[in-house]
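Structures incoming, each one as structure tokens.
What follows is chain A paired twice: with chain B in the first complex and chain C in the second.
The block that comes next holds the complex of A and B.
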């Protein structure tokens, strides 16, 4: 579905203001750089870019809907064609990995500023697409857009300080935080900062409340099920996990484990370094584990669940119309089926009719033996195996109980990406499937 | 100037503020010790502990948003009635006819913002390693507060009683019926039988306990209203007090040793 004239007329005013705001932002940046001297090159770049943004703003405000700057239709359909859960997840993983490895390059202010501009520009151009805008501008989805930009900003802020500290530590110097340990009085230094923050947050909240009405849909009706039905946005990562796991695991056990794991963290992290200052080098393992869980298994799944999952929880590209008639092939197979039927060419083991409960249970165990063995090996054999290989140092320092808790939490966290990979490659539905007691994994 | 001097030397003023204006070093210390609202703070603090680039001010902003939610929430409670007959209509009226209906916007966007600032606060505390000894337990309290923040937001989501509300809560609470052993569709519940009678049914399982009914209905609205306005805020306030107290007792805001 392409963008209609009516829609573009509605969104043009917003986009005009948006580009004008970006132009002012870059104008101010150019001015600051010019006053700093010695930055003539970058001053010119951002001045020219601000001029370009003003052109975009005037095009958007021109009143002619075909002049509103937008991504070409061909680009949009290309993005739609190639986007899918696999590319999305792997793409985010690769992107975050590249950002991490080359963090020294990306934290440079001019590089970060360029990335911010690119993100904002891409956002603006995408907003001229009706399908994209209708999802992103849903009032309850706006906070997620804010979250993405805030996370990008604060990750940059933290990483740039960590990079400086890591360099200083490598050269045997104290961290920036350590240098800054002169004491000041809380009144006025902290109290006034707090007051200014309160005023700023109040102003921001008021502006938000005035500009964006809170959503109110039709009155509740228990017979009219919306398609898709979605939980509140902060739980959409969990709802997305339902694609790969049954509700007992994705909706009950995994969230409980997340809470438990977070609480256990300070007792598992035996590394005494990196307490009270930004650092990455000194605590790479805990840093990467947290970032993996937070960004890949929480934030990107929320974004996927909110922006890219449409009717029937099907995947839709960012510029795709959410049609309820999209059909996706469901040809997922359980592991017992794969093992007994596909591999051994036998029927699934089944208790003879009239067999006692114990015999039936035995047959169920036989049927599920491949899956149970895999799970047993994963959760029972792997922790000790890791303790004598990869995690040998950890095991020595942590002791048995702490190590076992850490290893099991780690392995349980990894069940999600592993199940994703198995689904994408082998169409695996369940590893263990015992419908007799509603236990599917 | 003269009026200001008169007020400050009056008996009333002096009974409230038992010290001169905090203009010199001595009185700037005294004000922190004698003012109820300021006594949460230490008297002096390391410079890096108040650098915005270090703290992001996210804990403070989260607490401020909690206060905003409390004030706007109380005002909204004067207006909103949690019954099937009135819930939706009251919200509709807040949108269309009531003066200061913007309170609802402030409350809703404040709630979303609070979820985000809680995550960011936690992110900052992680990145600076501030959960490490001696602050382990305060991190645990923080995780419970994170959970309570999400529950506050989730229970509040139902109250407008529109399609968005009941279906979001339906989807969310459907998870509870899959609770192992305690949900009637959960693994292992078939094993909990006494004399052939199922113990766990759709009228006795975890989801029923959450909703007060087999589906999201009037009982749920009442239950979530009470949780949202009384039970969870009280628990949150208590844990916030502990959280702040522990910040001080564990040696103030974290910094390099």
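The block that comes next holds the complex of A and C.
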């Protein structure tokens, strides 16, 4: 619908180069495999794939609107129709879980290379869509595209080393790190590397700044907010969190807890293993907790905030036009409303007009009683309950104080996904809502 | 500098000796180290060989069983000389620099360069001497009487304490070492000009912190002055928006947003038709929502909060309704909005007659 001929002409040159680069990449891979011998099958696969990419590159470079390779319109509209915050969050959760469970399969170099190619190809094909390209190629969104690929690469790298180490440990062999613990000198080995990196990164940043100029907008005004108004990319996860919470919680308490939690980790950790080498099996709880917080509660929220949140912070599919007039039904209510009005069918407890402050406070407490009880049970009853059930071993090893800190940090971390789920399923706005003193949870 | 080095060596030696016990003897010996070294050095001092045994030397000599500093050094030097196979003839200007000069040299007239060389040689040589001395001292005590038996040239005892130096023409070059003495004395007593503030304030720490807090206080006061500017360029909080007739029923007037940050709405609130002024600040995090005419709602671009036309929140994270400004019909029949007063629904303030004008 929005893929005009003009747009395709503009993007065709870039896409031609993109596919040509991919072809060269795969050609080099094939060459390296050929030199290594014994990989004839894969060599052939990547050679053929490189040839296919060359065909795509020449098609793209032709610039004709019906020749530029793109995803079929039906596929795009299907993706748009089914994408939403719920599917996105659940989808990433399932995807990451699958990647984790079958990590032994996914860390194989050829599998990883195939996935990388699939990602790049999918992105190239999507880029022929004007709506997709206008978001992805925006200068301030480019770092997040880089982040997706870099994170995928580094996670793969670490996971593959952890898998190797886990296998070795299982067979009673020393870890890779222990076996090749060749030490190098700080000077010159490290300092020179750092110097070279510094020069290279500076040059890269200079080039980047020249090629992708910073988005300068009109002077700021307190009465004019751009639509959509987005935080810097690294805070978009925070902004997404704010959709579900009051500013004091999502903007102050949760970020502080992230920082303090990360600082507390070494003191909470009682597992002596995994020190100085990659391992997943030996530190499964730590690994999963961290990756859950990092990937699902931070990275995927950044990606969601960057690419999928449009005007009025509405959710838009990857190929959807960002119209400020999209209507989404997001009505939501507070827990007291649900409890008193919807469940008990009676008006909210309200202090008679002219009542003293104390009476008013009493009425507010009564009104918020269900929410306060839920919160109290969650934060006060759950930790001891967990200590005698799921975390029995943890409690024994950590002691009371360390266990309580750990349990509370975990529960507070989980408030985010829980609140998201409650918002999606029950249209719940706040569990405790005392706007009189700006305290909402 | 030279003196300092000497003292350090002395301390090291004192500590080394202290392991052998006899603290009472060790202390004075350590203190008098420079002299002791000078007395026992294998140095040919051509001028002024004043035989003036120092108490330390005497005590260590009398000690007999336990090696004194001088003994250790002399012995070590002797070993060194043996190994080198040459008699060390060092040029020394003052006791402080009286350690061995390893390079065999003639007792040449002391030029400043020679003195410098002697000085620069001090540190390294002393270190090696000490190392050798410690190694030699381990097997057992060496009496001072044994020292003369070494094949090294017999030392000529000399006593040239720094304090007593009469500054002969030759020794002019060593004079800079002197000023240490008065400074030391002054610091110890705290009675010179530099010590005055210290005495007055109690301690250097108190002085420093007093200065710091006074400076900090003045700085803060200076900063606080910026909170009260001489001229305050603020738009007036009261402004007129025209007569009531300019706001037909059901209309949200957005033309005052850019200048005043206010929507003037002629709407229905709890069954009453009113004109009210809504503040264009989202109650979630303070962005400016936009009025969507087609959907008849205010929608915030930051986190998606939505408000009905009457300002009541119904979607997104905003916890409470938009706020109202005070509005009234002025004497000339125009509507006047006062931004200095605002009314919050959740506090029941929208019932205040100042917060709306009945149509």
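Heads up, the rule we're going with is that the second predicted complex is superposed on the first by the 402 of 441 C-alpha atoms of A that agree within 3 Å, B and C clash if a C-alpha of one lies under 4 Å from a C-alpha of the other, contacts with A are read in each partner's own complex, and residues count from 1 in each chain.
One rule holds for everything that comes next: contacts are C-beta pairs under 8 Å (C-beta built on N, C-alpha and C of every residue); 3 or more make two chains touch, one makes a residue touch a chain.
It should be emphasised that the depicted structure is a prediction, and the values quoted were computed from it without experimental measurement.
In the overlay built on the shared chain, the residue A:290 is in contact with chain B alone; chain C does not reach it.
In the superposition on chain A, contact of A:389 is made with neither chain B nor chain C.
Once the two structures are overlaid, the count of chain A residues touched is higher for B than for its counterpart among chain B and chain C.
By the touch criterion defined above, A:209 lies against chain B but remains apart from chain C after alignment on the C-alpha atoms of chain A.
In the superposed pair of complexes, A:356 makes contact with neither chain B nor chain C.
Legend: residue contacts after superposition of the two complexes on their common chain; A:438 is shown touching both chain B and chain C. In the superposition on chain A, A:226 makes contact with both chain B and chain C. Touch criterion not met for A:74: it reaches neither chain B nor chain C. Look at A:246: by the touch rule set out above, it reaches both chain B and chain C.
Of the two partner chains placed by the overlay, neither chain B nor chain C lies in contact with A:425. Comparing which residues of chain A touch chain B with which touch chain C, the overlap comprises 221-222, 224-226, 229, 239, 246-247, 251, 436, 438, 440.
Chain A contributes residues 140, 143, 146-147, 150-151, 154, 157-158, 161-162, 174-178, 180-191, 193-194, 197-198, 201-202, 205-206, 208-210, 212-222, 224-226, 229-232, 234-235, 238-239, 246-248, 250-253, 259, 262-263, 265-267, 269, 271-279, 283, 287, 290, 294, 434, 436-440 to its touches with chain B in the complex. Against chain C, the residues of chain A that register as touching in their complex are 221-229, 239, 242-247, 251, 311-314, 324-325, 327, 329-332, 353, 429-430, 433, 435-436, 438, 440.
Residues 257-261, 280, 284-285, 287-290, 292, 294-295, 299-304, 306, 314-317, 319-320, 346-348 of chain C are the ones that touch chain A when the two sit in their complex. In the complex of the two chains, the chain B residues touching chain A come out as 22, 25, 28-29, 31-32, 38, 41-48, 50-54, 56-57, 60-61, 64-65, 68, 88, 91-92, 95, 102, 104-106, 108-110, 112-113, 115-116, 119-120, 123-124, 126-133, 135-136, 139-140, 143-144, 146-147, 150, 153-154, 157, 160-168, 170-172, 174-180, 183, 185-191, 215-217, 254-257.
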